[in-house]
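Naming follows writing order (A, B, C and D), and every chain is counted from residue 1.
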Amino acid sequence: MCRFLAYTGAPLLLADLLYRPANSLIMQSYKARERAEPLNGDGFGVGWYVPEVDPGPCVQRTVMPAWSNRNLQSLAVKVRASCLFAHVRAASPGMSVIETNVHPFVYDRFMWMHNGAVANFERIKRPLRESLKDEFYNLIMGTTDSEHAFALFLNNLRVPFGEARGEDLRAALVETIALLNEWTRAAGIVEPSHYNFAVTDGHSIVVSRYSSAAGQPANSLHIARGLRFECLPDGVCDMHTVKTQEQAAAVIVSSERLTDDKDDWLDVPDNHTVTVTPDLNVQVEAINL
Amino acid sequence: MCRFLAYTGAPLLLADLLYRPANSLIMQSYKARERAEPLNGDGFGVGWYVPEVDPGPCVQRTVMPAWSNRNLQSLAVKVRASCLFAHVRAASPGMSVIETNVHPFVYDRFMWMHNGAVANFERIKRPLRESLKDEFYNLIMGTTDSEHAFALFLNNLRVPFGEARGEDLRAALVETIALLNEWTRAAGIVEPSHYNFAVTDGHSIVVSRYSSAAGQPANSLHIARGLRFECLPDGVCDMHTVKTQEQAAAVIVSSERLTDDKDDWLDVPDNHTVTVTPDLNVQVEAINL
Amino acid sequence: MCRFLAYTGAPLLLADLLYRPANSLIMQSYKARERAEPLNGDGFGVGWYVPEVDPGPCVQRTVMPAWSNRNLQSLAVKVRASCLFAHVRAASPGMSVIETNVHPFVYDRFMWMHNGAVANFERIKRPLRESLKDEFYNLIMGTTDSEHAFALFLNNLRVPFGEARGEDLRAALVETIALLNEWTRAAGIVEPSHYNFAVTDGHSIVVSRYSSAAGQPANSLHIARGLRFECLPDGVCDMHTVKTQEQAAAVIVSSERLTDDKDDWLDVPDNHTVTVTPDLNVQVEAINL
Amino acid sequence: MCRFLAYTGAPLLLADLLYRPANSLIMQSYKARERAEPLNGDGFGVGWYVPEVDPGPCVQRTVMPAWSNRNLQSLAVKVRASCLFAHVRAASPGMSVIETNVHPFVYDRFMWMHNGAVANFERIKRPLRESLKDEFYNLIMGTTDSEHAFALFLNNLRVPFGEARGEDLRAALVETIALLNEWTRAAGIVEPSHYNFAVTDGHSIVVSRYSSAAGQPANSLHIARGLRFECLPDGVCDMHTVKTQEQAAAVIVSSERLTDDKDDWLDVPDNHTVTVTPDLNVQVEAINL
């Protein structure tokens, strides 16, 4: 279990997402509101793109809790990003607190985050790994179900890395969920799995909200879309929302609402994906397996 | 703010204090019950004596949260101690999360822990430091009020280190509180300070419960004293309490009750000290300044 | 590349192996003498047995360099061990500096260390993993060739864990080397691999010195065996050697000579194993594959 | 003892200073060429300015060795800086390896680094601290002589922070050395002290090369000044030097030559300062006390 957020839009200071909102991601590292256990203290990661340098992301990850990290505090008030992923981790029981288990995971131009867990992951680890091409088999550096799901996503991507559109990312992500379902079913695992995955190539972002158990709710997921996201000197942050698709210049997809103004946030329905395209269009689609 | 415990008595596996009780110190690192903020995730320290080797303690400290520390998990199921201090830290705002700020602090044969804070510590730091002999001035390695109070305690100790009895430790600790009061008053600081201090030389233990504000309660502090403290295979831990002083073979002084059986635990009154002597006598005395 | 040592015999303070000898393991962490690159700064691990508590080892590992580790300094002057493994790591290129990659690796009552590398390990990782029983497949927490070799060793062990004798450990270790050779050959890997492995169950110790390339020397490995290993107050450490098998009460098997007195140390020949049995007999045998 | 570098000029990728040169700062973290002990493995820090956001620097510091730091590797290939400080630390004996002891030290818009040591620092610590205004007394978070010297520098600065010119920085730095000399003399310290200090406000840079012992050489210090510093795809880095002051667009002041081309590097004489002004003029002046 974890909390994450994805942002794309006009360049924004990291602090405006990570520190300044009333329910900022750093606040969620110890006082998360929308999950039973408020603590996400097993590491923190943030990644953003610097397209004028190269297509891969700059990623900073640590096993230290986010709330006291001075390096992150310094970066957050200096760096502006127009495409950002950030994640606070609550390690699943038995999972090591090591840097290679911290999200976002990175490969080439892609970043990947996960909130949730594959139930009884060890029982599907072998078939999952065996399905992977060597390239993706060998990129796995940690032990999380999340990173294995990322390798599977890359394995499922049918287009060259530089040519993927939002719909290609979505197809590979949905196929990832389908395969995980197939293997957990084959292994006789009945506990529900939760697959809130987020992936980006620096241009499009796809995020899923998914529970494998029909009746059970998936983990929370919200969207804010608007003209801009702004933190005022008085400490209040706000999304200047828009009615029409055309005007949007800022999109946040986030495990929790960052601000208290509920009108700014749209709930993603269970078992749906959110696709944000480079022109900041947002499409919410059902996952049909 | 923090949580701590001190144990002395028959050799006990560290896990029986740190992990196995229902409200173990590790549990208190993220779900503390007796303070408003349940999180104490800014480091962990444990120290114990190995008198057959030498009079100083073996101390292990880290800035990583206690709950995921594999080194501590391994030590805890192997090491038995007959005199132990352990502490989970919640850094006061502005205080660095660095190893030298983690309790217990050590000098020669002494260990020192603190739960609480000197209000506006920076305003009394200079007179405090200036009052210290060079030896204690130069042992300060971190920035906490807690470590400075330890240096002050050592400075106040009137007997050679190897000859201190419980009452000597108590006198120096009470003088420490008196001096802190004097300097905070002189600095015009009106916010209350909290001085739950614990000190040991491996033979005697003295712990204070103290609030500088007359009406305001001090931080919680409890004593369990008995024949032995035991964790059964069914996971329930229990102090086998005793009525008379003579029989005791285990004493715990702790910020929180470790077990659900409230009858096992005695509240220390506000502005009192607890002195545990080598024969496991426990004396509770008012702090009269 | 790394440096390690194993000790068994009369209880010895850790510092007498790790800090006090002229070429102690801590010294080898930054000034190793018997390898081209003197630096082994990518983590440190130490493990020892506490047989009066249970058959598994107490293990402390960290990614921090050994030379500045205050926790290790404190443990080393307090803990005595009669069976100890210790290791300073120099991460192979590309290998992550994460805690789960630090030696010794532990499973049940076993500890395992490695000095050397499987050449082009990624090319044999799949067949190696596929050969493992689920129990050992799932214990792998890091990415090193060393840990994978440990899983393979456990997979090769033909006797119940509690009943293994030195010769059983040796057989499984030699089979591990044989399988690694088989897979590297099958993968067409021509670069030499180096397999200085050390394993113990707390009773017997087996260490190999092995290079897969006929002409090329293996990594250094030495034995000191005697009445006792002692560090005098003047700072000089010495093995009081013995002529006959009967008298020995201390055996060190170590990547480097810990002391300057070369007479105390016996070179292990290339492609041989050293087996130390619980009665401190030492047998050096050729590895015939 | 440590190694550092300062850069100012056209925006340059961090990797071009930290990783790519033959004798890059990262290389100096374990194979320094111009000091007897090649290891500087006790932490790493880097800071740079983002003037379009605010006048203070972005600083990243860690106690982990520089050579294996993945966060630094990722930053270095994404971030361009036009004013940068970077430092690899070799902790003086007894000095803690804690984040607050890692250079560069920061306050307001200033960064400060030190290569060298105040001999017997503890013996002048009290008078040094007592001389400080409260503001600078309270900014000290670690235990190094280096950070104390920084506080002293700030205390010596006679102009408002935003108005300091190169000559103001130089005056305060030289006064810092003078005061350290005065106190060490008063304390009867005869061992030589070494004061290679570097300070910047993001506009001007001042670096000293200084030994308090007349006959003894100071620690190494070099300047490269030119049109630009460039690392070519073939891995060779080079300063395109210039003859006249007017053309310069890149200045490096560094403990060691970063490249093998000695013609690119000018030795700073002992007991001199280097002042680099915002227009990239470089002035080398004797320190006359």
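Simple rule for what comes next: a residue touches a chain if its C-beta (ideal position, glycine included) is under 8 Å from a C-beta of that chain, and two chains touch if they have at least 3 such contacts.
Given the structure is predicted, the values throughout are model-derived calculations rather than measurements.
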{"item": "Between chain C and its twin chain D, rotation from the CA superposition, multiple of 5 degrees", "value": "180"}
{"item": "Type of chain A:chain C copy interface by residue overlap (half), same or different", "value": "same"}
{"item": "Mean-CA-position distance for chain D and chain B (Å)", "value": "41"}
{"item": "Junction residues of chain A, two or more chains touched", "value": "70, 96, 99"}
{"item": "Graph class of chain-chain contacts, one of line, ring, star, complete, other", "value": "complete"}
{"item": "Residues of chain C touching chain A in the complex", "value": "96, 98-100, 122, 125-126, 129-130, 134, 137-138, 140-143"}
{"item": "Chain A contact footprint on chain D (complex, rising order)", "value": "13, 50, 53-54, 58-62, 70-71, 74-75, 77-80, 99"}
{"item": "Of all residues in chain A, those that touch chain B in their complex", "value": "30, 39, 41-42, 63-65, 67-68, 70, 91, 96-97"}
